[in-house]
Structure formats: C-alpha cells, structure tokens
Amino acid sequence: MMNRLHPALRRILPQLITLVVVLGCNVLVFPDFFKIEMSNGRLYGSIIDILNRGAPVALLAIGMTLVIATKGIDLSVGAVMAICGAVAAAAVAGGSDVATAVVLALCAGIVCGLWNGFLVAVLNIQPIVATLILMVAGRGVAQLITEGVILTFTNEGLIFLGSGSLMALPMPFLIWLGFGVMTAIVVRKTALGLLIEAVGINLRASTLSGVRGNVLIVAVYAISGLCAATAGIIVAADIKGADANNAGLWLELDAILAVVIGGTSLLGGRFTLAGSLIGAMIIQSINTGILLSGFPPEFNLIIKAFIILVILIIQSPIVQSVLFAMRMPPDLSNDDAEPVEGGSARDRDASAQKEGMAP
Amino acid sequence: NAQTIGFSQIGSESGWRAAETTLTRQQAKDRGIDLKFADAQQKQENQIKALRSFIAQGVDAILLAPVVATGWDQVLEEAKEAEIPVILLDRTVDAPDSLYMTAVTSDLVHEGRVAGEWLAAEVAGKDCKIVELQGTTGSSPAIDRKNGFEQGIADHSNLSIIRSQTGDFTRTKGKEVMESFLKAENGGKDICALYAHNDDMAVGAIQAIKEAGLKPGSDILVVSIDAVPDIFLAMAAGEANATVELTPNMAGPAFDVLEAFAKDGTLPPKWIQTESRLYTAADDPMAVYELKKSLGY
Amino acid sequence: MNPRYLPLLATIAIFILAYALCYSQYPNMLSTRVVGNLLTDNAYLGIAAIGMTFVILTGGIDLSIGSVIAFTGVFIAVLLANTSMHPLSVFALALLISTCFGALMGGIIHTLEMPPFIVTLAGMFLARGMAFVLSTESIPITHDFYDTLQDVFFRVPGKGRLTLIGIIMIVTVIVGVVLAHRTRFGSYVYALGGGLPAAKLMGVPVARTTVCVYALSGFMAGLSGIVFSMYTSAGYSLAAVGVELDAIAAVVIGGTLLTGGSGFMIGTLIGVLIMGLIQTYIIFDGTLSSWWTKIVIGGLLFTFILLQRGLVWVTSRARI
Amino acid sequence: MLLQGRNITKNFPGALALDAVDFNLLPGEVHALLGENGAGKSTLVKCLTGAYRRDSGAIFLDNQPINPRSTLEAQDLGIGTVYQEVNLLPNLTVAENLFLGRQPRRLGLVSTRRMNAGAREILSGYGLKIDVSRELSSYSIAIQQIIAIARAVDLSGKVLILDEPTASLDATEVQMLFSIIRRLRDDGLGIIFISHFLDQVFEICDALTVLRNGRLVGTSKLADTSRLKLVNMMLGRSLEEEIHKEKDRTASVDPVQLQFKNFGRSGHIKAFDLDIRKREIVGVAGLLGSGRTETAEILFGAIGHDSGEALAEGKPLRLTSPRAAVAQGFAFCPEDRKRDGIVADLSVRENIILALQGQRGWLRALSKSEQTAIADGYIASLDIRTPDCEKPVGQLSGGNQQKVILARWLATNPRFLILDEPTRGIDVGAHAEIIRFIEALCDEGMSLLVISSELEELVDYSQRVIVLRDRAHVAELTGDAITTTNIIRAIASDGHEDKVSA
C-alpha cells in the first residue's frame, strides 16, 4: 500500500499520522471538536480555530524552515513580528491606507531579515547569537514605535486581514496557506530548494562549486523576515492593535518546534515545507486541545511537554526504522539506514562545514 | 542640590505599566528629582541587581515595584545599612516592614472582590455561569485577583466559575482563550459573564464574543480590572460593563512621603493604599477615556 | 602564540577595555562593592553557563536550565516549608533530581537520536510545569540555616563583599576548567564537538559522554537553582525565565563556538561578567527608557561580538 | 591465525556490501585487501573493528571469538585502524588526537606537558616536526594522514589496519611508512593494507585477498600472483593494456589560453607566472605543504590573490571568487573531498548537477529529467558504482565519491580544469579510464592543471611540470626533461630558480 503513495506524501506521512492522533485526542477531551457550523457567513468551529490561530506559527515556520535548511536558526522572528505589527499600526494611525501600511510593514520585515543575514553570512556570526541580538533589541524597537502602549486602530482594511473571512474561511488561514503554497512552488520549481539544501549541508563544497552561498543565506533570512512581518500584521490586525510587548513573544520556539516536528533536521539540509506547516497545525491543535479540555492552567506546560516528547519519540529515527521495518520491504526504508553509523542526521560531520569559505 | 532617586521598574509588559513609568518620570521632573530608571524586564534578579547598583551609586532613595513578593530581605537590609530609604510601589513584599519606609499600593485582593461584588449585585440573584481569564500563571496579580473575586462571589451560590484559563494578560491570548470558552460552552449561550484579570484580555475577549455572533455587555457581561483607556471605549459602546481602577500614579504619594521625610523627618504609615475605584457605564466612559488617554497608557 | 587562544584573549581584552570605559564615565564602577556585586549578582548565571558550556562544546544545547533553576528553587522552598528536613539534605535531593533530569534528557538525545534543541525544549516545558504544580505562588524560605549561609561573606576594603554564592561560582569555574582541560572526560567532550562519526571511530564513548554532559548541565542548573534560592530566599515558579538564552549568549561571547568543539571555560566566565557589566552600566546610566534599554543591550551585545571577531581577524592576519 | 572473519555479511538498504566474506590474517603478515571501488573493502574493515554492526558472521582474534560493538572495544583488543577518510578530530590538538582516551595522567589529571612530549616523540619517528599543541585542522590532509597512521600504529597491539593510508602521501612518506610496517611485521603484528597502488602492494605485502561486488574472489600468497592475474581478479576482466602509450612530448603549439602574470598572495604563495595553452596538461609536483593546493585554490579564486592578474586571450579575467572562476569556465576538483567536495546528504544526481545549476543560477532550474539524463550519462561513462542516481552520495564508497565530483565539473563543460589529487582512492580500472577520459577532453580543447603526488602519473600525461618548494614555483620541466628523477631532483635541489627543457 505504501508503495503507491507519492514520495512527497510518504515523507510527511509520520507528521500526518501524528496530526490525526492529536486531533483524535482532542475529540476525547471535547466531543464536539469536529463540529463545524455556518454563522454570519463564515465557518465556525474548533477546527477552523486551529487553522486560524495557527497562522502566526505556520507563517513563521515557513521562513524558519528555509533558514534551518541552511543550517541556521532565527530567534528574532517574534521580535520582528512585534516591529512589523507596530509599523503597520503606526502607519494606519498616521493616516496611510492599508496597502501602504502593509507594504511598509513587509519592508520592515525584510530589512530585519537582511540585517540577520548580513550578520550571519557576511560577518560570520553564529546564527543563534546573530539573531539573538535582534530578538533582544527588536522588541525595544517595536516599543519605541508604539511607545510601550497598545497602538489601537480602526482601519477596516487592515482589520480584515486579521479577522475577516473570504469564502467562509478566515483570512489568516488563507494567507498562510497561500504563502506556503507559493513558497513551496518557488522553492521546488526553481533550483532554490536544491541550492539551499546544498548550502545547508556543506557550505564550503557548495561555494567551491560556484553556488552563491552567502547570497542564499541572506535571502533565506530575508524570507524569514518577510514571513514574520506577515505574521506580525495578522496578529496586530486580529486584536485591532499592535501590542509591542507581547506580540510574538516566545513564538520563535514554537516555530522551531513546528519545523522539527515537521521533519526537517536542525542540522540543515533536506527540508519539507509541507511538514513544517503540518507541524504548526499539530502545535496549534495541542494548544487548542488544552484550552478546550478545561484543565487548570498550571498543567498546560506539563501536558505540552509530554505530548511533544511522545511525538518526538514516535518520529525518532530508531522508532521509525522499527515501525517501517515491520511494514515495508527493506528497500523503501532508504532514509533510515544504519543504527551504528551512517544514516542519521546527527552523525553528519559538522566540523567540515564549520568555517565558511575564507575570502 | 537635587535628589537622586533610583526607580526599579518591573518592565514594560503592559500599557498600564508604561503609564506608571511615564507618570513617575513626569512627577520626578516636575519636582526636580534626578530619576535613575532601571527596567528589569520582568526578572527579579535584574531588580536585585538594580537595587545593588543604586546602593553602590549612593542614591538618596529607592522606589521599587517588586515583580514578586518574596526574596527581598537581603538586598533591603543592604539598603538599610547604607541608610537609603526604600518605598515600594504597587505591590508589597514579604519582608519585615522595618526594611522599607512605606508601600504605596492598591490591594489586589480587594480589586478582585470589588469586581466580584459588582457582578453579584448586577445579576441580582439570577443564575450566572462565569468564565475567568487569569493573568500569567504564578504572577501575584493573577493569584490575588482570582482569590479576591472568589471571595466577592462566595456568598452568592447563584454565581459559579465554570471555566478558568490563563490569558497571560495579553489581548491575543485573551481572544484565543475566549474563543475556546465559547466553543466549549455551547457557543457561548451558557456563559453569563466574563471576568478578566486585566482590561487587555477583556478587550481581546470582547472581540471574540462579537465574532461569535453574541453581544458583549448584554449577552455576556464583562468585568475586568485596571481601567486602561481602551476599556472605556468598549464601555461607551456598551460592550463592557465594569472595570476596577488601579491607578498608575503610585509615584506621586511616594514622592510626597520622601519630601515630608526630607523636610522634618516625618515617617509615613507603613501602607498607603490607593483607591480601587469601580467604573461602570454610568460614569461617562468617554470623558474618562479622554482624561486617561494622555497619561501614557 | 597558539591561534586557538585568540578568541579567548580577544574576549578578555575587550572586557578590560569595556570596564575601563565604564570606569572613566562612572568612577564608582571600579569600587570593590560593584565588583563584588558583579560576582554575587551573576553567580547563578555563571554556574548555569559553565554547565551550558560543556553541552555546547559537544555541539548540543540545553534550553531547560532556566526552568530547572526555577523548579529547584520551588522544590527546596516547598520541602523546607512543609517538612523538617535540613537544607543540606534538601540540597542533595534537589541536585540528585536535577542531575537525573539532565541525564534523562541526555539519554533520550543519544538513544533516540533526537536533536538536543527540541528534547531540552520539552524539558524546559516540563520543569517549569512541575514547578507550577508544586506551587504557583512564590514561597519564602525562612530557615535559620539560610540566614547563616547568607551571612557568610568576606568584607573587602571599600564596602565590597565576596559572598558565599560568589565563591561558589568561582569554585565552579575552577572545577569546570579542570574538568574540561585536564581530564579525559573533557577531551571526550571536545571530541564529540569535533564530529560525531570521527569521534565514534576514534573510540570515544559517545553514549556515556552525552549522558554525562547533560547530567552535568542538569547538576549545574540544580546548583544554580540552590544559589538562586539563597540569592532571593524564595522559590518561585516564574523565576529565571530566559536564563538559558542569557547563558548561551554568555558562552558565545566568551568565545565558544555553538557548533561545538572549540571554547574555554574562562571565556564563559568573562562572557558572564560582560553581560553583567552591560546591565550595571545601563543601571548606572539610569536614563534609558524600557525600550531603549533593550535596544542598547542588543547594540552592546552586537558591539562586543563584532569587536571580538574583528580582533581575532586582525591578529590572525597579522600572524601570517 | 591472528584475525579471522567468517561469513561476514553486511547489508545496506539497496546494496549488499558484503556477502558471506571470509578473511584470514596471520601474525607477521602484511595482507593486502584489494578490489574495485565499492567492492566492500572499507565495509569489511569497519565490520571487523565494530564500527558497523555486521548482519551475520563471526570474528576471531587469536582463535577466540570476539564481538567488538564499538571501535573502542576493538582498540582495547589491540586492533589499531586508519579508516579511509582521515577520521581524526580537527578541533583537537595533534597531541590530543594521538592520545585521545589514553592521555598520560598525573594525580588523576591529564598532564598536557607529558602528552605533548609523547606526541612529539611519536611523530619524530615519522620525520614530522610540527607543533603538536596546534589544532589538527591547521595541518594539511597529508600530515593528518600521517598522524592518523601514527595513532593507529601506537594503538595496535596485535593488528594494524590501514585503509588507503597512502592516498595523499608522496614517495618519501610512503617509504617511511613502509619501513614502519616492516618493523611491526617483524614484531609479529598482522597488518591489513588496502591500496589501489599495485606497485605498493607488490612492494610490501605478503598475501592478498580480493573482493568484488561484496564477494570474496580469492586469497593467495603474493609471490604466487602476477600483476596481470591480480588485475583480472579485481576487475573480473583484463585491463586491455596497461602499457603506457608514449606521450607526444613535443611542446604544444596550441595558442595560449590563460595567462597568469605575477599571480600570488603574500602569506600563501609567492607570486608566479603561468601560461596555459589549449589542450595542454600541466602537472604540478612538490612535497607536502609546498603550496600545491594553495596554487590551485588561488587560481580558482577560492583564496583571493593580492598581486598580479589573469588574462584569457589577452583580456583580463576577474577571479575573485569560485563563482567568478566558474563563470570563466574554470573547474576545480578539491583534494579534501569530504570537506570541500561532496554534499553528503544530497543524491548522486544532485551532486553531479550542482555546479552546472550554480552556474545557471537558481531561476533556470534544470528539469528533473534533464538532471537524470546528465547524471546517468556520467554514471555510465565514469562507471560510478551506485544502484541509481538517487542514492545519497555520502553512502558511496570513497572512490566513487571522487568520480561524482569529477562528473560535477565535467558537466559544466569547462575550458580549464584543475584537479587536486584526482586519482586519490580510485581503483586501477577506473584510474586508467579517468586518465583516458581526461585526455579525450583535452583533445577537444580543454586545458588541465593536475596536482598529484604520484610522479609516474604526472610523468605519464603532463606536457609540462611545475615544481613547487616552500610555497614558491621553483622549476618548470618540459618535453623530455619530464622524468621522475628530474622532478625529484628539482624538488630536492635548493638552488635558485631553474628552467629545464629539452
């Protein structure tokens, strides 16, 4: 049966199964979980909530996937969300129209991304620290824009992006879906995906092969900034105000988690955007499930930790290879080979790519 | 010679706190005080560091808005040793009161009680199922406002809290959690009132209620705490019902105390309680909004 | 001179330079009081960062330390409040738990081949969640023994104090240095950071080293939690949020590579002191608003990293 | 019987790497393990030393069954191994690499001073006088190889296994290694020696075992085996001619294609002049660390030059980065294939088209079918042993990885190809094929710069040989002057610059 699945689908099968299991658990704690009804011309139900509320993490996960594929990480996305939300809010508060506000916010996001990319690719600062700088300072910049208060606005156009709906579906969902599909097409129909993977696995070898490694790295951080900007606009539009203190707070961890649950290795290289998006939905399903369950909030973190642990154990190379060995002829379990050496991503020689090319 | 006063602020996590900071700076400027401001970014350890640095600099007095009640004895003793008076703002600490000069605070439990009593009076004996949006798990306002509210409704068996979840004091989470409350409680038809530990969560929740096709303020009563400007807008629109004020002007009384002390050594009482005033739609919300708007919220 | 010491020397040079600049602006900053405070106030961070350095040297990361600090504090406070156990035995128990917690994470990372980032992220949620379950409220610690411990300090001329927790940090650093540079375990740690396949082929006991390193980090986080509880005389489940990021920043500013295999314990100490210096400087300045505080911290962080890179670059070019 | 493997089987997904192989090693014997690229030699070694878990079979040491589950256990049993790719830790010092896990201790603490002294002493036995407290990565791959050998020799109480130890060594180092091997053999150790250099095998080995496609072909005494028979056993067919066709030594009359004038970078390589003609093959010879690799890197823009200029047909060339060089039709197969060459997790197909795609830019993607066509073409023409072009290149055998990198550059159809140790780790059959292939390319107009430690190889196909010493070009041999003796003399003489020509 497995043999007939499309290879791309087969790659994200574990994630899909996990999602189904988590949704199943949600039904257990809340029987009406799958109920969807139509009201006020839009669909209404827990599933829709997940698609809607998962938008920021899903958007961040798109950019984060590409960054992680190049062996980087972007801790600044939460702060960039805050900045861009603030920019958009300040723009409409200052009287510009939606389009200008959105463009300004997106540009701010790209500038943030370029800054990160510059630190990583040109100054050769380790990604985690390079982006930590913006993570710390960025929220300050956002607060500078809003002067520490929640900058509320009443521009209907902007609000529509966060809480409006189109064809009965919430806008945030449509935005992340569109963004995801678009990115996937761009990355897979051009050579971008391949080049990003090559750079992530072995920057030296790729650069020696004439790939513009540094440009690619700057580009993925810029894309990540763009995604964060979009997420920031959505979050601000959702509450009709830019909350520089709290917008996107700690969301970078959720985004990274989504990427890893989605099946992309933190060591760079092979990536799957679809997996990351499913990962984001898994995380949001957990969050929504916790809210619906009615447990006291003290237990939120413990529940989350255990579910993550279970997911990761299910998806760990060893358990996967055992499961696959039981179900599949050996020649299909291509990507999880050797328990002792080879196969696993953790085994990859990191030292080889530690330094980039000496100029 | 101008006084130098150190102010260890918790952070800038909410509009209310920004307003407190703004007011404190303004007051200091008006009185010609050199204010050393230190933002602790919600971390007690940073506040302790700030206090120690203030002591090392030899400031004339210290204002402290403690992020948590415990753990101040040691550093307060150091301040006492250095003969620097310390005044607590907006929250108290667990240390012996000999270690600080006075505390200018509201009573967090009392705030919750005022909200609860208002709600009990409002529904007047009808059955009412309440959902609660808590503040950040473990933070003292969340704990005290929860307790206070429970005390306020304790004598009314017709009131019951059916769901209570943390909304982290933020609009986004307030909205998200409210959405799930509405789903879980029969589309919101079973909910009679919402109690939020701060106004921001209430504002978020109001949007969720509206998007679910219900009318906040009438289908679901909304009561919250802080009295930030935006809640008055909602009140004016009939979408919120009541809020309990927590005044951001804590520094004013504190500076008064310091002035009096500097002049003739009068010692203030150990607790200067600020008023926890209840605002309802009857209080001309738009006017209050205009008044508050300029205070740096 | 051996080029591997360059980043370390650059860090030290920058620290001295920065301190000199601070001193020229606020002469008070060279008082023994400020120096003593620098050690005392950053003791918990220093201890945790030493543990983190070991983890990072293997190419891993430990995001759980902030939560473990909070958990340990709450655990100690709860036990002291509700039982008659002596603080020392409570300490031992807390260290045991945090060490086992670390070892467990190490075991999962090794046997299930899962990325440390995520395993320890789950650990971070779990430890903080456990702290919440023990108590959401902050619990004061009022044991006489704590008062005794807090009164242990050496007065140095100029009102400065070298406190017990400052001493504990210094001892930890020394132990860290010896462990990293003078034991076989230390060389295994560096070996893991140099590349897992090669380390395996060279006969490094990978499983044991991985588990030990995370156990060590857990132990250090536990110790840091004890120190933190002495520092604040309380256990609070929301304490030490984000300490892991501070620790990572300190380790990296100290010249350790996040990819593993290269770095020094002393560098971490300097990194911690630099972080402390930045904060002290901002407080001494006292004019920055909340947002400018954040921006300036970020900017100074950037400046330090840039200076360090520049210095290393210049000196390594000068050598050729 | 010292070390015995019986019925060893190892299955990789999609490839049966070892199929019930028997292997016997006597004490005091140097035993050659031979076979084509991908025959399973390295896999056998890894199974014997516990780096891989074998699927079935038994291992005996001194007739006692052993079951090493990790290389550590094998080391403790007295088996020292040099694995094929240098498997040392680049971030540790040389001394730490030599003594990892067995550092001398005083009072329970590692004594760095004694360790460094020990390391210096060990390395002096190999004629290596280097700073042992420096990181391993600051030394060239050849030095690393010697250190790896030194470590394995030091660890081998009973058995020493050397998997292609001589791949990047030149003649002097090889002779030194051989004298050490002889000494150990006389001490009664058993030594397994893997190499594709048959001359070396005939020089040092006593017995041999040949694998082909994971199966045992045969074992015999070396004395009973002729070179021809050996090649037959390895390839399963006879190599048509191993006779060297006499090279046309007349200096090329083709126009100069590339000119490098006063090209160099201080601190890396002294400025040099170099003209390269169309269809010409220029060899580069020199000792370890003489700057051969750096010559290649500077020509390719991997190290920026700080003096001089490059001209193509009189027009100046911009060679500021590898990318710029590729755009000018340059290509470069690096020496350290693991670090600079392969992109391990990508498939053979993706590795082969990488440079071509990089050249085309990200927007003009090659379609999957074009990629497959290109990859399959080179898999066939270079005889790359892989089940299909989707296998991750990191799972190929070393020699096949080398061929993939060569294919990557040939796919860009370069006009100037730089090869740094191109035949490192490539088997005899493939070796001959690759050289023929290169010569064919040259006939079509490509010019070539080849760096090789194998002087015979250089002499075989070069029309000109540049000799390097101490990071400077010291001599240039042309025409009939190109002989191994002349090259060695040029390397050794410390005289001033001289041009030898016929």
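Things to note:
Note that the chains take the letters A, B, C and D in the order they are written out, and that residue 1 is the start of every chain.
Rule of thumb we're sticking to: contacts are C-beta pairs under 8 Å (C-beta built on N, C-alpha and C of every residue); 3 or more make two chains touch, one makes a residue touch a chain.
Every value quoted in this text rests on a predicted model; they were computed, and no experiment measured them.
The interface with the largest number of contacting C-beta pairs joins chains A-C. Distance between chain centres (mean CA atoms), chain A to chain D: 42 Å.
Here the CA centre of chain A is 29 Å from the CA centre of chain C. With centres set at the average Cα position, the gap from chain B to chain D is 71 Å. Each of the following residues of chain A touches two or more other chains: 143, 147-148, 298, 300, 341, 345, 348-349, 351-352.
With touch defined as above, residues shared between interfaces to two or more other chains in chain D number as follows: 51, 89-91. Annotation for chain C: residues touching 2 or more other chains are 132, 136, 194-195, 197-198, 200-201, 260-261, 289-291, 293-294. By the document's touch criterion, interfaces exist between A-B, A-C, A-D, B-C, C-D.
Residues 26, 28, 31, 33-34, 37, 40-41, 44, 132, 136-140, 150, 228, 231-234, 236-242, 276, 279-280, 282-284, 286-291, 293-294 of chain C are the ones that touch chain B when the two sit in their complex. For chain D in complex with chain C, the touching residues are 51, 70-72, 74-75, 81, 83, 87-93, 96-97, 100-101, 103, 105, 108-110, 112, 131, 133-135, 138, 266-268. Contacts from chain C toward chain A in the complex involve residues 59, 108, 111-115, 117-119, 121-126, 128-130, 132-133, 136, 194-198, 200-201, 245, 248-249, 252-253, 257-261, 289-299, 301-302, 305-306, 309.
Interface residues of chain B facing chain A in the complex, by the touch rule stated above, are 12-15, 17-19, 21, 134, 137, 163-166, 168-172, 175-177, 179-181, 183-184, 200, 203-204, 207, 211-213, 230, 296-297.
On chain D, the positions that touch chain A within their shared complex are 11-14, 46, 51-53, 89-91, 137, 300, 302-304, 321-323, 325-327, 332, 334, 338-346, 350, 354-355, 357-366, 394-395, 408, 412.
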